[in-house]
Amino acid sequence: MLPLLVELPPLPTLRDTAFIMPEIILTLFAGAALVLDVALPRSKKHLTAYFSLIGLAFVAIALAQQVAMTASLLPISAFYGMLFIDGLSVVFRFVFIVAAAFSILYSIKYLEFEREQRGEYYALILFSTLGMMFVATSGDLIALFVSFELMSLSVYVLVGYFKRDKRSNEAAMKYFLTGIFSSALMLYGLSLVYGVTGHTNLGLISETIAGYVQGGTAESGDPRLLLMVALVLVAAGLLFKIAAVPFHMWAPDAYEGAPTTVTAFMSVGPKAGAYVLLARMLLFALAPMREMENLPGWAALLAVVAVLTMTVGNLAAVTQDNVKRLLAYSSIAHAGYILLGIVSGTDMGYQGVAFHIMTYTLMNTGVFAIIIALHRQGVIGENLNDLNGLFSRAPSAAVLMLIFILGLAGIPSTAGFVGKFFLFGSLIQSGKPWLTYIAIIAVLNAVVAFYYYARFARAMFLNAPSENIADASPLLLAPSVRITLTLSAIAVLFFGIYPQPLINVADIVAQSITTVYAQSSGIALR
Amino acid sequence: MTFQQLLFIGFAALVLGGGIAVVLLRNPLYGAFALITSFVGLSALYVMMGAQFIGAAQIVVYAGAIMMLFVFVIMLLNVRADEERPPRHRFLVWLAAPLALLLSAGLWLAVAGVQGDRAPSGEAGTVERVGKNLMTRYLLPFELTSVLILLAVVGALHLAKREKE
Amino acid sequence: MPPFEQLLEWSVKIAVGFIILMTMVAYLSLIERRLLAFIQMRYGPNRVGPFGLFQPIADGLKFIFKEDLIPLDADKFLYVMAPALSLVPALMTFTLIPVGGEVTLPLLDRPIALHITSINVGILAVLAMTGMGVHGIVLAGYASNNKYSLLGGLRSSAQLVSYELAMSLSIIGVLIQAGSLDLVTIVERQGGGWGLGWHVFWFQPLGFFVFLVSMIAETNRAPFDLPEAESELVAGFHTEYSSMKFAMFFIAEYANMVTAAAMATTLFLGGWQGPGVTRWPWLGPVYFLLKVAFFLFLYVWLRASSPRLRYDQLMDFGWKFLLPLALVNVVLSATLALWF
């Protein structure tokens, strides 16, 4: 029953290592960043950031070698099924690299300003990115969990990075304690999955469970209830990471207390990592449990969570005055939208998930970049009225911010609209009546969201500058940051008007989910 | 009842008793030692299942090293029994017991549905087997764990290091 | 072998082993005192029996008749538990150490192996016991509710945890060479070659050095006896203990010394191996005892001739010198194993 390998396989070969070349490069650069920090004098510490950026560029180049592999749509497995490289993994690893690069770029001035310029910071971001990249490529429960922890653990430390700041400490403590608790729940769930199926390989798990969903066999009994327990536990751990209701409580506190640059990072990077893991678990390993006879499948469960998540997120966001808290609730709401795509179970839904995560990464880091720039000596710059009169003070920043905010709100002609259109549309396209009702709730939610996003616009363009904004000095926008922000804003608009290139990319992900996962047996052990 | 079963019941009782004691005992140091007891029982269960390596590692790593740190912290902070502090939500205590029972019943129901041979083979848990598996099939997670530990060290050092101003 | 007979064999072996170990502990204390006296040019205990041979018995009787004190503010349960927790692991380790090969006894129709049990994870189990023994010391320090005890307990546990790392790493070299964690197999692999097969000669001299130093630190002996440094901590973690409870700590310490010496013998000096042992199997235990005695002599010699380290020196030495050295040894051993 248990897969005890009587014949042990030979050592992994160079062929296997070739597949993790991006990750190897990233590990080397992360380690080197730590060493570099020791070698550099205090005034030159920011060079570590540029070093890390160069590292990410190399990683991207190495990753580009794998793009061609996704063309065949058949995943490639390495390290005895521990890894598999498919469209989803390649696309999302690019997303992670972009998220990490943006966060590092936006951090340089901020850390300089806070006198916390250290190599550890960049190394931690790189390590977290490494974890995310392995989450995206892992095809085995053990590798998945270890890389998931690698990703999370770095972020726990990053949230508490400002040791002198009480809020940072408190946020880190809350996030860490609840986070490891949810990890433990998930691990217990994974152990049950292993116990029931006898496999840790996602493909083999999927196969085994497919044999059970009709009610099991005489010799296996009926393990569906136990699988349900496992599913709930695994889902709890994952939903915690993406801050879905009812596991969202930590998000506002952690987002508010963390250094703003870290908030920007964690709201896009590790979160996207958790979505990938969710997709791997639900759409691949536990895919046969989407709907079961006589028992609720995960589709129904997730639908309830999604509706609650977006409703709670949007309603709570309305009353917030702190920008970081507001964006925390907004990101909770977006988690709800993204879950809808997984619930719908159609190609269009999966495209929507991928599309929305990609554009959300651009928009959210953009918004945070402006907020980081508002930060001043003595002015935290996190209240909504700190934005007052931004247009008259720094017109270009205000316009950029407006574009990102409109994107988050999902106004037509921005990329945010296309994502939402795909997500909501997939529910209707699936043709199931109950999903149509959910689509209506989602649209109503989006209307509520307009209100609080509009508050940003009002503060920036209509309100007069408030007194407590200390000075009229220019914002902390380095030229490189300015260029990056402008490019992202252009991208948000471009993909809002002509989304086809990005839809094609999203389609690679959707294809790897629908066609590749359907023939999971091909992905098993090499 | 065979000798094996008798041993199993004894060690399982040790594990469960230790676990329950951890929850119930007020004095944190007693709690820590109850946890050690539980770990020792767990290790014996591993050995009975033929997983000798895991059994020894459980004691070396958990009962020995990690619990040592627990005890250290408890002693240095001088955490005495937290009796002074009244629980904030008293009704939750009364809610906890029925919920725990309900959960146990549910889990029992879930496990009862499963059949099948779960007997492990004697070979699986030896050092040689574990070592070879770690170096071949599980090489990647094994190496990844080393990165994880490096990261944990860096993080802990950053958070604990005293600022030089 | 029928289970009953197996059980009987184990029981007899355990009983014999226990008695021998206890006797060794008792006479080790006497020999230590006599040797110290010899080195320091004085007589030492020589009044009870011929050459003071009955001194340990007198000491034992004294311990039993002393008043058993439990301090008023002590945590009674833990206070009573602590000596047992430190003694039991110390005794248990000996079950895994082979003191000889296979011998035939009169009246028995089959050979008897001179070790109590042999398991696949032998060395790990030994390390596990060592790790558990620390808890007893820490507990004693805490439960006594006395600042000297607490400081002694903390020092001791910090010391044990630090040196356990170096010790474990120094063993890895032996494991690479022997290809097994089972102590019986490790000893068998060291046979032949007129003692040149012993690990101390066969590429593990560095490992032997690290093991020897950390072994002395692990047993809290001079010059690493900080947990019980009289000049600063009265008697360390067992300040408040008296009577048999103190005796249990005492026995645990000496049993640990014997065990550590036996481990060093087994891992590095070829255990019971020696010239002629295949011909006359009973020579095995004799060689074994001689080698163990050598280490025990070393203990006493060190105690008589070396001053105590300062605490921070001790920690620095462990973490910054021994640990890297042990790591170097691991790399060296692995490289050598590739070539030979």
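Here the chain labels run A, B and C in written order, and each chain numbers its own residues starting at 1.
Keep in mind that, in the parts below, a contact is a pair of C-beta atoms (placed from the backbone, for glycine too) under 8 Å apart; a residue touches a chain by one contact, two chains touch by 3 or more.
Everything quoted here is computed from the prediction, not taken from an experiment.
A.B. asks: For which chain is the distance between its Cα centroid and the global protein Cα centroid smallest?
C.D. replies: B
A.B. asks: By number of C-beta pairs in contact, which two chains lead?
C.D. replies: After counting contacts between each pair of chains, the winner is A-B.
A.B. asks: Using Cα averages as centroids, what's the distance between subunit A and subunit B in whole Å?
C.D. replies: Taking the mean C-alpha position of each chain, the two centres sit 31 Å apart.
A.B. asks: Averaging only over C-alpha atoms, locate the centres of subunit A and subunit C and give their separation in whole Å.
C.D. replies: That gives a centre separation of 54 Å.
A.B. asks: Would you mind pulling out the distance in Å between where the CA atoms of subunit B average out and where those of subunit C do?
C.D. replies: Taking the average C-alpha coordinate of subunit B and of subunit C, the gap between them is 29 Å.
A.B. asks: Tell me, which parts of subunit B touch subunit C in their complex?
C.D. replies: 3, 29-30, 33, 36, 43, 52-53, 55-57, 59-60, 63-65, 67-68, 71-72, 75-76, 126-127
A.B. asks: Per the contact definition, I'd like the list of subunit B residues that touch subunit A in the complex.
C.D. replies: 106-107, 109-111, 113-118, 120-121, 123-124, 132-133, 135-141, 144-145, 147-148, 150-152, 154-155, 158-159, 163
A.B. asks: Across the complex, what residues on subunit A touch subunit B?
C.D. replies: 1-2, 4-5, 8-12, 20, 27, 31, 34, 79-80, 82-83, 118, 120, 123-124, 127, 130, 134, 140, 142-143, 146-147, 149-150, 153-154, 156-157, 160-161, 163-164, 172, 195-196, 216, 219-226, 228-229
A.B. asks: For the complex, give me every residue of subunit C touching subunit B.
C.D. replies: Of all residues in subunit C, those touching subunit B are 3, 75, 77-78, 119-121, 124-125, 127-128, 130-132, 134-135, 138-139, 141-142, 150, 153-154, 157, 161, 181.
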